[in-house]
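Attaching a single structure in structure tokens format; questions to follow.
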Amino acid sequence: MAFRDDVRRIRAIVWKDLTTERRSKAGFNSVASLGVTILVLFGLALGPDGPALHDAAAGALWLAILFAGVLAFNRSYQVELDGGALEALLLYPGARWAIFAGKLIANLIFVTLMLVIVVAVGIVLFSVDVPASWPQIVLIMMLGVLGIVSLGTFYAAMSSRSRAREVLLPLLLYPMLIPVLLAAMSATKALLFGDVMNEAGAWMQMLVIFDVIFLVATFLAFEYVIEV
Amino acid sequence: MASGMEGGGVGYVVASYVITWVVLGVMLVRTVGSVRRARAEYDQAAKGEFRT
Amino acid sequence: MPTSAPLLSPDLALDARGVARRFGARWVLRGVNLQVRAGEMVGLLGHNGCGKSTFMRIVATLLKASAGDCFVYGSNVKSAGDDVRHHVGFFSHVPGLYDDLSARENLAFAATMLGFPSADIDAALERVGLTHVTHERVRGFSAGMQRRLSLARLILQRPRLLLLDEPYNNLDVAGIALMNGFIRELNAAGGAALVVLHDLVPAAGVLDRTVLIRDGRVHTPAAADLAHDGVSPQAITLPAGAAGIS
Amino acid sequence: MSPAATNQFGPPKPAPAWLGWLAFLFFTFAQVFSLMTSPADAMMGHLQKNMYVHVPAAWVTFGAFGVVLVASLYFLWKDDERADLLAASSAEVGSLFCGLTLVLGMLWGRPTWGVWWSWDARLTSTLVLFLIFVGYLSLRSFVEDPHRRGQWSAAVGILGAINVPIVWMSVQWWRTLHQIQSSPRGLAPEYLRGLMLNLAAFTLLTVWFIWRRYEAARYERAAEHAAQAAALGGYHG
């Protein structure tokens, strides 16, 4: 009963976040364009040399997603801060984790859509040959995005409500994301090069473990950061 | 590992110890200073309480 | 109403015992004791920054008290926040609406979050007089319209303890009548209300008594107290026998 | 009586004066002793002596972070502000030792491996730990409200503590796939004695530093309470 209410609340929050995001149009377009711009900058930094670009493609893709994603996380709380909506949100009965779950799912959809655009552009810019194992790459991307979004949604709940939020979120978030990013980058890179050392599977396992650990930790700790 | 290390690297060792001692010294001075300052502030506040 | 908390004093809608709160080094509330019985409407006065809103936010579980205990229908706001949130409706000075959702969508979201997904949203909108803007985005609403929409959310919720923080701000005469009608209706159903005010006139005939927060504590005001805090001395006579004045 | 009433506290019990003297005298003794007694290493020469500062500094860094973790968990559990102050003091001291560890590691790495930095698991996770300390301390400086600061920094501290071993694990993996790890050698007893002495000395120093920082934080908090009580004539109503 109560659980079904919470599921309904999660759905409502996801719908609300995505609808407001869709209607304020500028949001998604600018974040996705930023992701593409970062890719272009990486391309310029790594030189016109074809093989070098190909080598660095996996890392550049993930960093572009990370840098653009950070903007999305703060934005998702900005909606709540305008007009004191967060106060109203916290006044509704129901479990606190439902709020986190709703925001997390909305951010997951948002970042995934952005990822589709960034990856499409990245394949062209970095002359990536899509390997036969592309379904595995898609799976790794979903796992990596899940890790980034769960920690990002959690830390943005604090940074968006503090002074200096632009600095604070990356400062807190990036060191926490090192394991997830390392695993995601390594797995993607291995698969792009045909996984000759058979390491992609192991990286994927680690990614699953990291995701589970960080999801559990952020779900448990969310109540402490959102109240107060 | 390089074997031509005997006698070499003394500069690095000296630097390590100097840095460690300087850092600890600065920490000591600052810590003692902060306790003293906080203590004085507290004593003043507590005295104010008795006056009123 | 579903409650699982032990009922310490179920006939008390609100029971605050020594509630204190500090911000940094500043103690805003220094031991508020206030009891509100079910069915009682209490006005809360005090000059700006005296802690009225802070107290309301503590009761609404939005802030934690630094010391003291506070119970709503027997549930501790600190340890049984979720039970308290089932009872409390908070009308704060911020609208708490989403600018890019329409009036109807805002209410539908609120209804789901409150756990009443099948609530009659159109009836609530009609009651606050916003039927003509049902599908318009809140971004274009005036401050008064936003207040009315927030009131519609309270109408959906029908809380047992109403916390109103300066509810008459930005409301026109019709809006004030609407607000008072809603308060009386909840009162008739046995609900209680705590109303923060800086002007007693619009609340004439609604309140059973008024209290004053000064120096972080609750006082029962004398006329001189009210003058000190910027409320006209005549106002004190209003709540007692003022049913016919407005 | 209520749990939050524990957040009303007076001045702290000061750290005993002898502890400070003991810590610094013992530290001086340990340093001199280990420098005098250890012969030049066959492989590393005098560079080996870096061990007596580098290893203990790393050890107390992780110890201090352990205190942050435990104090943060206790704070969320009991809502006792003193635990929050202890976590903050420990993070301040720990971050300094963490920075020291990194610098000393570079001063060891440069003559040994020929590079200032190598991306191995130990170095990288120490660097990440330093970044987490920095994030933790800047979060504290950006949030004024003590309730909020306590809960937020406790959450950041706990998640950071979870993260450090995970970083270590993932970097270890990353490295073994690309390059062979340098295997640690066993330590001769004449070096071990000096190392143990220094480990004990650094631990004692750190305990004293954290205690004094905590003492200062407690005085500051108590002064705030006292000033308020004086201005308003007591708070218990």
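Order as written gives the chain letters A, B, C and D; numbering starts at 1 within each chain.
Quick note on the criterion: a contact is a pair of C-beta atoms (placed from the backbone, for glycine too) under 8 Å apart; a residue touches a chain by one contact, two chains touch by 3 or more.
All values reported here derive from a predicted model rather than from experimental measurement.
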Which two chains meet at the most C-beta pairs? B-D
Which chain has its C-alpha centre closest to the mean of all protein C-alpha atoms shown? A
Between chain C and chain D, tell me the centre distance in angstrom, where each centre is the average of that chain's C-alpha atoms. 47
Nearest whole angstrom, what separates the Cα centre of chain B from the Cα centre of chain C? 53
Just curious, how far off is chain D from chain B if you go by their C-alpha centres, in Å? 13
For chain A and chain B, let me know how many angstrom lie between their CA-based centres, rounded off. 41
Two or more other chains touching the same residue: where does that happen in chain D? 145, 147, 224, 227
Set of chain C residues in contact with two or more other chains: 64
Between which chains is there touch? A-C, A-D, B-D, C-D
Residue set of chain D touching chain B in the complex reads 11, 24, 27, 31, 40, 43-47, 49-50, 53-54, 57, 93, 96, 100, 103-104, 107-108, 110-112, 114, 182, 205, 209, 212-213, 215-220, 222-224, 226-227, 229-230, 233
So in the complex, which bits of chain D are touching chain A? 76, 128, 131-132, 134-135, 138-139, 142-143, 145, 147-148, 151-152, 154-156, 158-160, 162-163, 166-167, 169-171, 173-174, 177
Please name which positions on chain C make contact with chain D in the complex. 18, 20, 22-27, 30-33, 64-69, 78, 215-217
Interfacial residue positions of chain C with respect to chain A in the complex: 60-64, 81-82, 85-86, 88, 90, 92, 94-101, 105, 109-110, 112-115, 117, 137, 146, 153
Which residues of chain A touch chain D in the complex? 154-155, 158, 162-164, 167-168, 171-172, 174-176, 178-179, 182-183, 186, 197, 199, 202-203, 206, 210, 213-214, 217-218, 221, 224-225, 227-228
